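Take this structure, written in structure tokens, and hold onto it; I'll ask about it next.
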């Protein structure tokens, strides 16, 4: 017993000693710590001023010596204090271990001797007290939070209500001449700027010329104008090139002139998906773009609607119903589900947007969604549903109106909706869309149907040439490049036609034939996407197959060419991107995560895709890591 | 399998690196001497495999503690494990990652779809909770490095009045609520920032951490485990979970002989006394009180959520973006302060104030949602804590309070019952 | 109790101290202000107008035939000196530099030169060079074209019909002249109105005058962080010759544009570093016969025009 | 007693259910990386050398160090990262050195090249040489978090204070981002 008592005493003392030791070391450490913080040996003013003196007097050996010794001292001080902290911390650790060990032993030995505490506290009183204090504390906390919340000013709200509290940085003294955004923003924008200060002129030849100084005539100095085409020829102008005004791009040729198109995205994880909006009405039409506006259409048994989105952020700008059109059927015609009531894509010329639906209703809206005109062409007798997209140019909107009752090609005046010309066609029903091309200096509209592939004069609607080479239910639209027209249909053939008074088939093939997807030609290569998942590339001059690739999913959307790449999306929503090249170079297979049967639309640095359920704006978004 | 995965992971990486060499298109200077150009060294971080070793160690420690506390009834075993945890999770692993901090990772992962949480962080969060549902707070008893250092340095614990203890017991819930709010809004991880003992384990750290650690340890000499009892947000969750634990450490092995020895053993005052006849409440008035509180809780929650939603403005000021936006609006003159690096960098970034304000507004909106939930939660906690005081459970023996007991096993040594 | 108070105080002070308006100053601040601000008396030019062309990846600028020739990735643009866009044509790949004379436009791609007629139509692509070639600058005079190849640290001499007629690396037997030291892909050259070929040896911060067949005729070098020399690693990154034979130089890192006499002394500052805040790329330069300086600012994506102060 | 067990059991079930829901929603809706670990990294392109790396790190001597990408270095005699501004004689004396701790070492290679090397034991991440190198030279000196020193805190205290948000969590596989990776088009395009 005596022994234990002694031991207890001993360890009690040990605890005290080690405790005091620890405290002392800790105190010293803290002082050291504080000292370094205060003095900052590395960046002393003394050293700085010495260096300054030395730079004024670079030859002074004495100053140099002073600097070197002071610097040495400073570094020594810095690193020694670092060492001291390290050593002190170790000492403290050992002290603490000793302290904790003694404490344990002390408690173990003392354990059995303690007398039980006499419990004299009335638990009822305690409980009442606890209740009171919990409620008081809680109340105080909530109360003070309330007070503080009333005392805080919501500067963000103030800012939003009053606008700029802080002055914007002063305008640069130098005048900045904006020579347009590389012609990319389109007419809408240039007119805004142009009409105000009278500087912006859209040159006829396609080059956008903006004088920096007022008073300079834009065309007088245009000595080295590079004109893409001969003067007077109706060539595809810059505005159309810089937008995506109709199904399959400008003039429906399957070629986009935009650059920086993303090749990598992922719908499910939203990689590079800048925005995504859910579609409210069905429509197998493809998006169409003018400047910042993106148009699509949708229809169900209730209504037919044209939607306009801001393509930059996916916000719906407006939507407009096609209602109250005289002659429009009360009940929409029966169509198959995979065609739908709104298969034709809309088209725009930057002033107005035009849309047609399976009911035969066609309407023209201005860019703000106001209706300019609307009319009914009569319900097309079409067992799947009318699906030929519109195309517009200058003052005309072109409609390929091939039904079971015969074929017509119509041109409506874009301002009034009156028929400019109406040419009957020797054609059975078709689902393909007209394209436009300039052939032999004449602007033509090229159509495909069973059995005829034909070219019509844009101005008069007169048929300029025709050749019978297709059969069956024709869905794919034609393509035109380097003087040849290409047409194809499943169970028929693929033909390269030299148009002219007597058209000639230059070559033909029947290996791979498309059912719905149109053809695309660029750089001497022709691309075909079949409904059974084959994607093939041919030499467009000779018809020699260059390469092919098979996918598990078929293609309904058409291939599009942009920036030397060909984009084609299969029905599962997987885009396949290839280099326009004689050898197969796959550039990626990004997926949308939704089924899709439509053709992509492009803008600079962006691609717009429409899935079964949603519309996607895709841009290469710089990865943010945080 | 994992190794295979790692190798597969590294393979393209290696290829990429060799590719990089090939890609270096711009040649280095033409050295005529035999100088070889060094490449920058990149010391590798601790591997992923090691993190799972930590999880395994945690699992083993938790299992052993449960066994020692419930089956073996060995205080010494638990003490040994405590020392081990202090050494392994503390001094060796430098206190990172810990389960206490993982609450924030989970909260952020739950709130922010972009945040990628590591599996081992999730496991560090889950394991202690699952164990507490079955065996009580064994995590606090021996596995937690923060608890271990305090547990080892208890000198002369004083008794804190029950009402004060209960009132202070509210702090962990408040701390938890704020920590989850700030983590979920991506503001910051306050639990980690104010972790008092990490600096001590690392024997290295910023001032604040060291001062806080020393203050807590000194306090811990007299108030047993001050951080665990009155601050630890993870402890608050464990407290709730442990109340419903399937099995729990029991002070006596067979039958309590009412010797009261255990009450002196427990430095945390976590042993409930048996009911005395005289304290038995008047059932009628008690029932009335109970109903009153039942009605009071929804009122408190409503009030809390209202006050919470009001408070979101000042709570959100903790977010640096919000603060910067407000600062620029309220003190536009600071724009010319060339010493203020944050404002100068913002101005140099070319971002407009509008964008910053818009971003701040988005964050503030998140805070709005978070704050009213926080308010409602705190209202609920206040209500439940107060109500808990009038619920009487029949007790005949001295028994560990399942919520507050840390399963440290001190009482086991004292119990004279064999 | 005291300790509890200490803890509360500690946490509160820390929260307050980490606010963006109360954060600590940088104890190791290193200001380069003394170099970024320049005596205004030295600045003899003023920026009169800027042209922007939208978000383009501009690569090079040249002045000839009263036209500015700009290359961007991957177009050739013809712009009037007032900033009117006159023409634009597509290039086969990403260009690096451009020069022009009345006979045509020469565009340096990574390892070959494309010859275009003044209207921007391709005449022919010259024989490609080896794979380590990085063409950074071209200069044309009469029937000779010089190309600076930073990758192989050599100057190539071509006939304007595309025939490579020689190359030199600037090396000489004596050890003090080391040849071209090009630590980064910046290597400029120009031919002045007297027909002298000047090459910038950036690693030595030197201007070197060579005969057409590569004999060194003279040089000056001037390394300094201050305004009178060229700072840092490999400067000046770009230069052009004014009609009077002095050099306009553009430095990277701390971007500044200056004019040096043909003998090396600083004559004037065109644009001090303050004009290029936050930028590190040196602008490519072109000079009109009237002495206006056109600087291609890569980061702001604009052409900045500097004219002599009146 | 039965009632008590029932409450106990159901309470446990509810809490367990809550845990399962929380875990499930994180695992299925969020990204949980099983083989992944995340570490902190400085983006040298964003870094503006504010000096906070040296003062804000939880380590007394910061885990951030200056790293030299030799591939980018011009091996110049007049090095903006090594010399104090306005240095007249290019020698290695304390009066010329910019580095406050003398961690940047200069070594003669051959005419006219000098090698600059960092002694990481001495480096305190003040960033002066990085600023000098970026202002005058090629930017081959850059601040990087060294993972043998970094504690990999749950929230990096430098990241919290970084004015340019240059510090972010990255997968362990790409722990370092060192300028001078010549794949970066910004560095390869001769401008």
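For reference, chains read A, B, C and D in written order, and residue numbers begin at 1 within each chain.
Everything below uses one rule, namely that a residue touches a chain if its C-beta (ideal position, glycine included) is under 8 Å from a C-beta of that chain, and two chains touch if they have at least 3 such contacts.
Predicted model only: the values in this text are computed from it and were never measured.
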Chain pair with more C-beta contacts, B-D versus B-C: B-D
Chain whose mean Cα position lies farthest from subunit A: B
Computed distance of Cα centres, subunit C from subunit B, in Å: 56
Rounded Å distance, subunit B centre to subunit D centre (Cα mean): 27
Between subunit B and subunit A, distance of the C-alpha-averaged centres to the nearest whole Å: 41
Subunit C and subunit D, separation of their C-alpha mean positions in angstrom: 31
Subunit C: positions in contact with at least two other chains: 23, 26-28, 134, 150, 181, 183-185, 203
Sites on subunit B at which at least two other chains make contact: 25-26, 29, 193, 204, 211, 320, 341-342
Subunit A, residues touching no fewer than two other chains: 42-43
Graph class of chain-chain contacts, one of line, ring, star, complete, other: complete
Complex contacts: residues of subunit D adjacent to subunit A: 41, 43, 60-61, 84, 86-89, 93-95, 100-102, 122, 124, 126, 165, 168-170
Contact footprint of subunit C on subunit B as seen in their complex: 25-27, 29-30, 193-194, 208, 211-212, 215-216, 218-219, 318, 320, 323-324, 327, 331, 334, 339-343, 348
Interface residues, subunit A side, partner subunit B - complex: 15, 19, 26, 30, 33, 37, 86, 89-90, 93, 96, 99-100, 103-104, 111-112, 114-117, 119, 121-124, 126-135, 137-138, 141-142, 145-146, 148-150, 152-156, 158-160, 164-167, 169
Contact set on subunit D toward subunit C in their complex: 49-52, 54-55, 72-80, 85-86, 98, 100, 111-112, 126-128, 131-132, 134-139, 160-161, 188-191
Subunit A partner contacts - residues on subunit C that touch it in the complex: 27-28, 47-56, 67, 78-80, 82-89, 118-121, 302, 304
